[in-house]
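The same chain A turns up in both complexes below, where it pairs with chain B and then with chain C.
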Partner chain A sequence: MKLDSKKKEGLKQYRKRSALGEIFHRLRRNKGAMAGACILLVLFAVALTVDLWLDQEKVIGMNVRDKLQGPSLQHWFGTDEMGRDLFWRVVYGSRFSLAIGFVAVFVSLIVGVPLGAVAGYYGKKVETVIMRFTDIFSAVPAILMAVVVVSVLGTSTINLMIAVGVSSIPGFVRTTRAAVLTVRNEEYVEAARALGKSDLYIIFLHVLPNCLSPIIVQTTLRVASAIVSASSLSFLGLGIKPPAPEWGALLTAGRDFILDYSYLTFFPGLAIMITVLAFNLLGDGLRDAMDPKLKR
Partner chain B sequence: MADNILEVRDLKKYFKTPRGQLHAVDGVSFSIQRGQTLGIVGESGCGKSTTGRCVLRLIEPTSGQVLFDGEDLLSLSSREMRRRRCDLQIIFQDPFSSLDPRNTVMQTIAEGVRMRGKYKTRAQVEGRVLELMETVGLAERLVNSYPHELDGGRRQRIGIARALAVEPKLIVCDEPVSALDVSIQAQILNLLKDLQRQLGLTYIFITHDLAVVNHISDEIMVMYLGQVVEKAPSEELFRAPSHPYTKALLSAIPIPKVGGERKRRILLKGEVSSPIEPGDECRFAKRCAYAGQVCREGCPGLRELSAGHVAACHKLGADGEMVP
Partner chain C sequence: MGKYIVKRVIMLIPVIIGVSLLIFIMLDLAPGTVLDQIANDYTPEQLAALEHELGYDRSVFYRYGMYMWDLLHGDLGTSYIYKAEVWDLYMQRLPATLLLAGASVLVSIVLSIPLGILAATKHGSLTDNASMVAALLGLSMPNFWLGLMLIIVFSLNLGWLPSSGFKDGFRSLILPAITIGTGLMATLTRTTRSSMLDVIRSDYLRTARAKGVPEKTVIRKHALKNAMIPIITVIGTQMGRTLGGSVVTENVFSWPGVGRLTIDAVKQRDTIMVTGCIIMSVIMISLIQLLVDITYAFVDPRLKSQYASGGGKRKLARAAGGGQT
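Showing the complex of A and B:
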C-alpha cells in the first residue's frame, strides 16, 4: 500500500460528516422539518405514555348531564352526546390512531416498495406478473380487502393495522414502479452493472435513493387515509371497539351531529390534520436533506 | 499469431419492434490486439454503441461470440459474467447522467475499488481512491464533491477513474468526449492515451467524430446500419478510403485552413434506410452514387483489399478503385 503520509493527512482534512450525519445536519436547519419533527415527538410521547397518566374514567366515563356542551374552559373541546370530554378522548385516541397510521403505512411501505422496485427494474415478465396482481388487488375495494384480512387473522388492533396496510400496498407498488422506470435507464445504473454489482445492490443503493420524492409524498399522505380507513373498520366492528376512542371513530360519531354540534367533528379532524401535516413537513424536509443538489 | 485480447464473431442484436425485427447489429466481426485502440465510427443509429454494449453484455446479444482472452463471454452464466466484469469497463458519453447524483466523488470511485477486493480496510480504499483521482487528474480537494458541483470535464474524469478502479484490461469508450467542450475534449483524449500507455489498456473507441478517432485509434472500423462497411489501420483509412460511405464521411471533415484549396465534398442524398427488416441488398445502395443492379440484388461481404484493410462493396475493384 503506497499511501504516503501527505495523502493520509489530506484525507482527514477533507473528511466530512458521515452520510447520515450530513442528512441530520441539514434536516436540523430546515425549520419546517423541525416543526414537523417536534409535533410528531410530542404526539408520540403522548401516545406512548397516555395509559400511565390519564384516568380511563375521564375518557369513557359518561356524564349525561353535561352532554353536547360546546368548548369551554372546563371541557376544552366540548363534550359528546354521552357527556364525555372530547379533549381527553382525542388525547387518548392518539394511542390508537398514531399506531394505526404508522404501522399500517410501514406495512405497505416494506411490502409495496420492494415489489414496485423489482417490477420496474426487471420489467418484462416479472413486471407483468407483479403489476397484474396489483391490479387484481386494487380492483377489490380497500374496505372489503381489509375486512377479509381482519376476518382471516382475527379481530385485534394489530391485525387492524395490518389490514389497513395491506389495502394500501397497490398504491406504493405503482408509485415506486413509476419512479423506478424513470431511473433504471440512467447511465449510472448501467455503470454499476458494468462494475459487476448485484441487482439487489443496484436497486437499493442506486435506484431507490433516486426515487425517494414520490415515495415520501405517498407515505405521508397515506398516514391520513390509514387513520380514516381504520375508523371505517371500527365502524364495521372489526377494529377498535367502542367506547375506546380513536380519531376516525370520533369523526364518524360526530357526523350525526355535524350541523348542530360541528365541534364534535372539528377537533378529531384537526388532530388528524396536524398529524398528517407533521408527517408531511418532516417527509418534505427529509427528501430535501437527502438530495445533495439542494445543499445550501 | 497476433495477440488478440478480444475477438468478436458474427455478433447480432435484433430488437423486437411492432413493425418487425430491428437489426441494430447485424453480423459484426472484429478483433483487437492487446494494447491497441479500435475506433468504431458511423452515424447515429448505426449500431456502434449497441456493439460496444453487447461486448460488455450490458445488452444481451441475439447471437454471436465474444471471445475475451479466448473465453466466450456470451456462454458465461450471469454470475460468472459478473466476476469477469472487472476486466471490461465502459466510459459513457454523457458525464451528467453516468454519475449517481447522490454519491460523492469518493463514493463513486470507491464502489469500483471495492469490487476488486484487494483493498480491505476503509483507509486502504480511500487511499486507493485518492491515487486514482491523481491518476486521472482530479484535485484531492474534490473528494467530497457531488457531481452537480463539477464541470463536464471533471465529471468525465470521475467516470474514467471509476472504470479504472477495477483495473480493467479493456475499456469501451462510448463517445467519451462528444458531450464536452472542444478544449476539454483534447485534455480527456490525451488522458486516455496516457493511461493506455501507462496501464497497457485496450480501447474500443466509439465516436462519430472522425478527427477524434484519427487522433486515438490504431485501427478504424466504419459501420453503417448495423454492418461493418470498412475496416483498416487508421492511416490507411484516411489515406485511401475505399467504401463510398467512408469516402463521403471523410470528405465531410472540415479543414481548418483559410484560403486553402477547396475540397470537393461528397454529399449523400436520401435518408438512411430503415433498420427494421432490411432486405437482402446493400444497405447503402439507396444513397450510393455508384449503386447498380448488383447492389440491389445482394448484400456485399467484406473483401480484403490489402493487409488489414477490408471493405464491403460490390463496385470496388481489386485495385481499390470504383468500377462503374
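Showing the complex of A and C:
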C-alpha cells in the first residue's frame, strides 16, 4: 500500500500542467512571492470590508483628552493631535492607497497597452510617431509630470489617480511594444492574417494574449510605484489633504510633530512600505515564474 | 566617434521642441498664470503692459513661438517670479543637485554591486534570497519616509548629522545621499546579480578556475569585468534620473537643488522657468547617456571597434542589451 501511494506521488510529477498551472506551480515555490501574496490578500480583505466592521467614529472621532499618546496596548500606534487612534486610521487608509494604486495603473494600462500594441504591430511610421511621443513624454521626470497634471486638473482624489496614472504611461507603451515585437511575426499571427481577419481582431485576440506575462508583471510592479508616487504627491501637498486618512497624508500631518512624536510618521510609512514591498515581491516572483528562459 | 556624437545631439532637438510644447500647453490648461503671482508688485497699467509683453493676451502657441525664438538664440528666457535669467537660476542650483546625484549613485554602487555579486556567487541560497529582499526593501520605502526616519535617528536623537540644508558640506550630504541611494539599490543589485549569473556559467570562467586562478580574482577580474556593461547602463540611467531632480528628497532635507526649483515654478505657473529646467535636465540626461555609451568602449574593447567602423547605435544597443528594460 505504502509503495503504491509513493508511486502515485512520483507519477504526479510527470503529469502535464497547463501553462497557467505551471506558472502557478513555480510561483508557489517562491517564498517571497507567496509572502507578498498573503500580505496583499489580507490587505484586500481589510480594504474591501473595512466599512462593514469598523466604526467610523474610531477613524474620525476626536478625543482631545487622549491626544498625542504614544503607542500602547489601548492605542497600538498611538494617537494624533486630535486624539484620534492612529491604528484605525491606518487601517481605514488602506482603502485609499490600494484604490489609488489600482485606478492609477488602470489609467496607464488602458492608454499605454493599445498604443504599445499598435506601435509594435504596425511598425514603420506609426511606430516611429508613437515612440517619439513616448520619448518626449518620458523626458519629463514622472513625479514632475504628475505634479503638472495635478496642477492642470486641480487637487482631488480622482485627479491624483489620473496624474499618477498618466505619468506611468510610457512604461506600459514600451513594455507592450517590446512584447508585441517578439510575437508579431509568429506563424499563428500570419495564419490569422491569411484568413483575412482584421488587424484589430488579430491584435486583441492573437497578439496581446501572447504578450500578457510582461504586461502582468509590469502592472504588479507599477501598482507598487503608483502607491509610492501618490503618497509622495500627498507629501508635497498636492495629493489628498490631511483630514482624510490616506497614508501619505497621515505621514505628512505627523511631520509637524516629528520632534517629540515620531511614531506619527513612523507607522503610516511602515504601512506604505509593507504594502509596496508585498507588490514588489509578488511582481518579482511573477517575473521569474513567467520567464520562458527558466522553463524546463 | 565624432559623427556619432553629432548624431546624438541632433536627435535631441525634436525632444526639446516636443517637451517644451507639451509643458507650455499643459501649464496653459492649468488655472491661473504667472501674472496672478506677481500681480501685487505692479499697478494695473503695468500689469496690462506686462501681459502684452509676455504674450498672455494671445494664444499659448504665440507664447511658445516667442520662447522658441529666444531659445534659438541660446536664451532660456527670464523668470518673472525671481526676476532673473532662467539660466542663472538653474546654474545656481545645479551644483547642489550634481553633488547629491553623484553621492546617491555612489551610495547605490557601494551597496548594490557587492550585494549583487554575493547573490550571484551564492545563487539559490538563503544569502541570495536575503540580499534580493534587502534590495527590494530599499525600493519599497518611500523616499520621504526613509529621509524622515534618518532625520529622527541621526539628527534629532543622536545629533550626529544635520537634518537640512547644504551648509555643513560633506556632513549634510550623507543623509540625503543615503535616502536616494537606497531607493536606487533594487534595480542595480538585480542587474548586477543577473549579469553576473550570465557570466559565471561561461566557459572562460571555468578555464580560469582550471588554470588555478584564485576564486577572488576569477570573480573580480574575469567575471565582473565582463558583466559590467548592463551595470553601467543602469548606473547611467539612475544618474540621469537623479539629476532630473529628486523632488521629494530635496523637499525633506531642504536641499537647494533643481527639483525644488522646478516644482515651485510649476506651482507658480512660471512656464518659462519650468520649461527651462526640463530642457536642461533633458540635456543633462542625454549627456550622461552619451558618457555611458563612450564608457562601454573602455570597458569592452569589442565595442571600440564598432565605434571605429561606425557600427551605429543599433549594434551598440544590442551589445549593451541584456540589461534592463
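Keep in mind that, in the parts below, the second predicted complex is superposed on the first by the 166 of 296 C-alpha atoms of A that agree within 3 Å, B and C clash if a C-alpha of one lies under 4 Å from a C-alpha of the other, contacts with A are read in each partner's own complex, and residues count from 1 in each chain.
The working rule: contacts are C-beta pairs under 8 Å (C-beta built on N, C-alpha and C of every residue); 3 or more make two chains touch, one makes a residue touch a chain.
Note that the structure is a prediction, hence the values are computed from the model and not measured.
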Please work out whether A:139 is in contact with chain B alone, chain C alone, both, or neither, and reply first, second, both or neither. second
If you stack the two complexes on chain A, which partner ends up touching A:269: first (chain B), second (chain C), both, or neither? second
Just chain B (first), just chain C (second), both, or neither: which does A:197 touch? first
Of the partners chain B and chain C, which touch A:118 in the superposed model: first, second, both, neither? neither
Is A:149 touching the first partner chain B, the second partner chain C, both, or neither of them? second
Winner by number of chain A residues touched, once chain B and chain C are compared: C
Who does A:206 touch here: chain B (first), chain C (second), both, or neither? first
Go through the superposed model and pick first if A:188 touches only chain B, second if only chain C, both, or neither. first
For A:162, is the partner it touches chain B (first), chain C (second), both, or none of the two (neither)? neither
Contacts of chain A common to chain B and chain C in the A-superposed view none
Chain A residues touching chain B - in the complex, by the definition given at the top: 1-3, 7-8, 10-11, 14-16, 186-188, 190-198, 206, 209-210, 290-293, 295
Which residues of chain C touch chain A in their complex? 14-15, 18-19, 22-23, 26-27, 29-31, 129, 132-133, 136-137, 139-145, 148-149, 151-152, 156, 186, 241, 244-245, 247-248, 251, 262-263, 266-267, 269, 274, 278, 281-282, 285, 325
Interface residues, chain B side, partner chain A - complex: 56, 58, 82-86, 88-90, 92-94, 97-102, 104, 111-112, 115, 123-124, 126-127, 130-131, 140-141, 143-144, 146, 148, 159, 162-163, 166
Across the complex, what residues on chain A touch chain C? 31-32, 132-133, 135-137, 139-141, 143-144, 147-149, 151-152, 154, 174-175, 178, 224, 228, 231-232, 235-236, 248, 251, 255, 258-259, 262, 265-266, 269, 272-273, 276-277, 280-281, 284
